[in-house]
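Got a structure for you, questions after.
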Amino acid sequence: MTDTWLLAVLTLDATIRVAAPLILAAMAGLFSERSGIVDIGLEGKMLAGAFAAAATAAVTGSAWLGLAVAIAVSSSLALLHGLACITYRGNQVVSGVAINVLVAGLTVVLGIAWFDQGGQTPPLSQAARFAPIKLPFADALHDIPWLGDLYHELISGHNLLVYVALAAVPATWWVVYRTRFGLRLRAVGETPAAVDTAGVSVELLRYRAVLITGMLCGIAGAYLSIGQSAGFVRDMTAGKGYIALAALIFGKWRPVPALLACLLFGFLDAVATRLQGIELPGIGQAPVALIQALPYALTVILLAGFIGKAVAPKAIGVPYVKER
Amino acid sequence: AEIEPAVVFDMGGKFDKSFNEGVYNGVEKFKAETGIKYREFEVTNETQREQALARMASKGADPVLGVGFAQAPAIEKVAKDHPKTRFAIIDAVVDLPNVRSVVFKEQEGSFLVGVLAAMASKTGKVGFVGGMDIPLIRRFACGYVQGVKHAKADAEVYQNMTGTTPSAWNDPTKGGELARSQFDRGADVVYAAAGGTGLGVYQAAADSGKLAIGVDSNQNYLHPGTMLTSMLKRVDVAAYKAFMDAKSGDFKTGVQVLGLAEGGIDWALDEHNKKLITADMKAAVEKAKAGIVDGSIKVHDYMADNSCPG
Amino acid sequence: MTDGIGAGSASGDRARPAPVVSRGTGMDAVPAIELIGISKRFGPVHANRDVSMTVAAGAIHGIVGENGAGKSTLMSILYGFYEADSGEIRIDGKPVAIHDAADAIACGVGMVHQHFMLVPTFTVLENVMLGAEGAMLLAKGRTAARAELERLERDYGLKVDPDALVGDLPVGLQQRVEILKALYRGARILILDEPTGVLTPQETDRLFEILRSLKDEGVTVILITHKLREILAVTDTVSVMRRGEMVAHRPTAETSREELAELMVGRKVLLQVDKAPATPGTPVLEVEDLRIIDADGITRVDGLSFTVAAGEIVGLAGVSGNGQSELLEALAGIRPIAGGRIRIGDLEITPGRPTDPRTVRAAGVGHVPEDRHRMGMVMPFEAAESAILGRHDSAAYNGRWLMDYDAVHANCAAKMKAFDVRPTEPHLRGSLFSGGNQQKLVLARELDGAPKLLLIGQPTRGVDIGAIEFIHRQLVAMRDAGAAILLVSVELDEIMSLADRILAVCGGRLVGELPADQADERTLGLMMANVTLEEMRS
Amino acid sequence: MNRDLPRWIDVGVIPAVNILLAFLVAGLVVLVAGENPFDALSVLVIGAVGYEEAIGYTLYYATNLVFTGLAVAVAFHAGLFNIGGEGQAYIGGLGAGLAALSLDGTLPAWMLIPIAMAASGLFGAAWALLPGWLQAHRGSHVVITTIMFNFLASALMVHLMVNVLIHPGQMSPESRVFAETAWMPFLHEMLAGVGITIARSPLNLSILWAAVACVFVWLLINRTRWGYAIRTVGANESAAVYGGIDPKLVIVGTMCISGALAGFVGINELLGVHHRLLLNFTAGYGFTGIAVALMGRGHPVGIVLASLLFGALYQGGTELDFEFEGITRDLVVVIQGLVILFSGALAYMMHPLALRLWQRFRPEGGR
């Protein structure tokens, strides 16, 4: 029984680890998309952040510097996206795709030029990473039945950025629903003209939104390369940006549902991992590919069955032009 | 005249820390020793394999080395078109008069590290992380399982494959998660045959204080203290020899099957892992090795009948 | 482009002007607004050409002009939404530089736009606060805003539930929110662009009361409208624009509808529809006990029965949101019905036998939708393509596989000529035509092929009087040719002058029926408020 | 966008300047990588279009991109963002492969090839059908479902190739080679048949099919009532309903057409080049198709031009990789990204400047 419980707790633990970058990226996307700027480029910004973090950490040996540079690099890409979409009113999807492609190539080119390891950064020492944090009393409380495991395994023992990811959700919620900036943000994604006629600059507002997106993506990237792993390898985001985007849409562009969607993706992934090779009653050992397809198939089913129509912010994807 | 060797790496890229990198190390060694430069190319899509090989051949390169089973059809075509050029392919058999095919008995090496894994495990549970669910990887897994059971009949082996897209070979985060999922279920030694993905597996083992087993190249140095050993597949030697033989004029074509007996497959013991390998373990593994070499231990090859016993 | 506005103000005077001293007095006082030589181009279009205008403080000033005359553009410049290419703006006698809406707000200018600038997913309170939240955190500003809203409600009688979602409000209330927004920002000058286009007579009367009380408080009001009756009713002075130029200024007391109409259009306009009495034939449309329930489960039409016969125009009068829109859509086959029966010629529609717009159209029905932007046209399409919407399958436009675009264009050009759509350019994008011309195009399409039954919603919304005259003449001609016409309009004037019979609806039910010659505004207004004829008599 | 600029500047000069800018920045990256940008550029250009074989490869890559680009564009006209081109191409290839494998022993080429082509279209369409249906009837966002279907497609393919279709006794998960009756003729072979010799390349008859597809898409979208319906649904769904068009039907139908177009990649890759079923032959063409469609502004002519540009980059990039020590395949990806950035996302960046220059220097007239 307790073994099963422990396994369940550990599965949830894995869920959180897997979901953390998705959560950060989904919150990132939320700011941009709520302001009316489509962001297919979450993937690229995350990848750039991952590379910047690992490269900096490898050179300086400091995880914190790595994080800072990741945020800076990802933010500059976000500003580039802003320049293309807000100032020059380019196609937002194209801009996002451009950033993804550019970063996929550039990280490797620079990686080879700087480290000469085929685009990888050197493996990082413990000090250059965000190590797991043991929360107070984690060991002392470990022996309490049920809750001890829960606290020790699930709540304690993650690296700092996991907690940042989890904190990002209430923070996002608070900013979006409780602050002046949030009010304007929500308005500019629905009816930019209303914001404009209210005497607030649509462009500035959107720039600020994409900047926040960039910062959060940078953290997500740093999580991948100097939190969860110990170095950068090419294309290490492996589609997480797209999954985060899917979670955002799944969550109808709202922080808490988006969080739940990320956790769901993480959970399905964690469960599928654990189902590989296990004899299923009645079926026998399911083909590996079937198990691997499970999270994606379930997402489609859930989407079709339970989630109503996702209504995007109305002005999304449309450059704001006064003189129509 | 001096030979003009060329190598075409496969999609993992020459710095994949395992298979392709092994070849890279081999040809680099050749370059360092002979001072002869070689041409190289890393393919990125299916079509480029043939294009690259043909290009090398028509530019006068000889011999041309193809890395990985996926290049077999391309080599076959190009070798037919360039009967004067000598080709070598690693991990596949191409039956042409001007092609040297080098294949390895990965199952044997996997068997050995399986033995080590079973002995090092305190829980009696060990893990395997493969890249993609393809025959070659199943061969690794199958040999490994046999080795584990050989040393500890009641041991359990968890197997995971990383994914279904090419990124499965290059997804260390996923690899780390897979390893952790096996640790969660009680495994304390994990063997990875997944290219770059393996890096995440080893890292996860290092982070959780469990043991990991490297593959292809000697990866013990990556995490001294938690890398139990590495299953060596001497593609570096195969590559080196292909070039060297061509240089010295005794490049033989035909199939070379390299196993423990031929020294093409081995396990790694060096300063990074010698603390982890007890005398018992060393004895057991050497015994198994001898048994395999002399035929008293038969390691089943998955590819022989597409199935794995037990 | 060129040196913005405010040549006179060296340093872009952004300070808020001193409070108006002279309140609503004579012409001798400093005018609240002076626009001097304003010009604005949109690409090749000269929307404003050297326009000048003066509005006295505390006055209600009207602006009239045809569609596309440049009224909205001029006001948008005053509000900082567009920047003029050249010209000067003075407020309270002082030159000001207005580069954006924030400048305008700082100068005490507020504007209620023709198309509302509201966030439909926000509450009234949030909409009012937007851009003037007061503090970083909303909670604080919210309390303050609530108090201020209450004050405005008291002072001006502007009542709205601050916590209602704007998207759920009827347009009349939405407009009130717009006015509240302006006042909340301390507007001393309020611009209203076609505010009455979407209002019922009662709502319009309420609005005018509000405008008058604003005037009493010293607020200067500029009112753009196509309805000359309203100009005469509420304004003090009026300016007329034509083709981007200012053509006349008049004190309202010294002018007349006829003069204004002529100034606007440049020719004499018939303000009254003259039509012969109807000679109704057999019923074409029969509606029996119809019930419609919308997607949210609300009953929109509740047991409605009526008929429309060939050769008559039946007007459906009602405050908007009382089921007329749903009724029209159901009759057109767009919306399923929940109960009852509809018969159009041989076509019978019941809940068990639903239909679709194609079938209905094939049965000889033309449908001019209430909202040309949402349904009537596809704005990014070229006009010719919008002109075949719903008929794109017809053999006239199709070969065996491919469409015959020559026919499509030729047909559109013919329609444009027949309905005087300007410019006569079938290749031009639909969105580039003015509202009136878009409306004429939709009408041309739906009147094509002599439909047996015409369903018409708000045929002249936002359309200038020249076009209105034309559209009304077309409808009467259709009727005389034997078509059955069901006319839904919030414009009582329009219904009374066009319809032969008038049905009043309220809450999805029929309140009563009147022959047009017995209808007057008061009776109809009461009926629309659910007072039956019997109740009126007793 | 700009009514004041003459067309030749708008669609001629400005895009050229944008591409120039992209290459300028790419040149800087080459410099960082330690090579001479001018040498690199000349290798890139010559490698892409400098000799027959290169042109063949460029056109062969472009063929794939035309299919996926058209697929994205068609869906876009209906307001649908089909990210699933990759999966649809994959499954389309499966269709072509299954047809070839099961019929190549019995049918002559003139029957087999059309059947295999049809199968690729049908399978691709089928893979897009469900996302389309879910969007139309359940409101599931097609962006998410098509992403998921990409993953599902690759899982399905790995399973089939490893467990079912693999040619026994070989390492790689590949089917047996099709009989020659299922081979789409190579262009160099066809021309050799009529006495013209050109260099060998993977270029095959599929390119004609791509041309047919372009014409088909243009006619469909711009000259048929179905295209009219597709565009109406894309531009204004309630207007479509008003006009008697059933958006659900249009959405499902459009997704199927889109999926079929993407599925045709299978013709070029499997029937045309590899002549067997294998893994990962789609190589990202589905994703590049998004960029192609958007840069081509959804118009077949634009898509062809964008495909040629990207095809040239693929091929010229391979050449770069061959020729330079310091340049790897990744630099080519960078150049692609820059091209998408400058001539796609920042396409309007030059407009204000161009407008100012034009107004100052235009031949005659003026205000």
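Order as written gives the chain letters A, B, C and D; numbering starts at 1 within each chain.
Keep in mind that, in the parts below, contacts are C-beta pairs under 8 Å (C-beta built on N, C-alpha and C of every residue); 3 or more make two chains touch, one makes a residue touch a chain.
Bear in mind the structure is a predicted one, so any value in this text is a computation, not a measurement.
K.L.:
I need the chain pair with the most C-beta contacts, please.
P.N.:
A-D
K.L.:
Using mean CA coordinates as chain centres, what's the gap between subunit A and subunit D in Å?
P.N.:
Each chain reduced to its C-alpha mean, subunit A and subunit D end up 29 Å apart.
K.L.:
Just give me the whole-number Å value for how far the CA centre of subunit B lies from that of subunit D.
P.N.:
36
K.L.:
Per the centroid of Cα atoms for each chain, what is the distance between subunit A and subunit C, given in Å?
P.N.:
One centre to the other, that is 46 Å.
K.L.:
Considering subunit D alone, which of its residues make contact with at least two other chains?
P.N.:
As it turns out, subunit D has residues touching two or more other chains at 151, 155, 158-159, 162, 328.
K.L.:
Going through subunit B residue by residue, note those that touch at least 2 other chains and give them in order.
P.N.:
133, 164, in rising order.
K.L.:
Multi-chain contacts in subunit A: which residues touch at least two other chains?
P.N.:
Only 119, 234, 288-289, 292-293 qualify.
K.L.:
Once the touch criterion is applied, which pairs of chains come out as touching?
P.N.:
After working through each pair, the chains in contact turn out to be A-B, A-C, A-D, B-D, C-D.
K.L.:
What does subunit B use to touch subunit D in their complex?
P.N.:
Of all residues in subunit B, those touching subunit D are 39, 41-42, 44-48, 50-52, 55, 69-70, 72-73, 91-92, 132-136, 164-166, 303, 306.
K.L.:
Name, in rising order, each residue of subunit B that touches subunit A in their complex.
P.N.:
Against subunit A, the touching part of subunit B is residues 13-17, 21, 133, 158-161, 163-164, 167, 170-174, 176-178, 180-181, 184-185, 196, 199-200, 203, 207, 222.
K.L.:
Can you list the residues on subunit C that touch subunit D in the complex?
P.N.:
Checking each residue of subunit C against subunit D gives 43-44, 332-334, 356-358, 361, 367, 369, 374-381, 385, 389-390, 392-393, 397-398, 401-403, 405.
K.L.:
Within their complex, state which residues of subunit D touch subunit C.
P.N.:
Residue positions touching the partner: 3-4, 219, 223-225, 228-229, 231-232, 235-236, 238-239, 241-244, 246.
K.L.:
Which residues, counting only subunit A, touch subunit B once they are in their complex?
P.N.:
Going by the criterion above, the answer is residues 7, 10-11, 13-14, 17-18, 117-120, 123, 132, 224, 228-231, 233-236, 238-239, 269-270, 273-274, 276-277, 288-289, 292-293.
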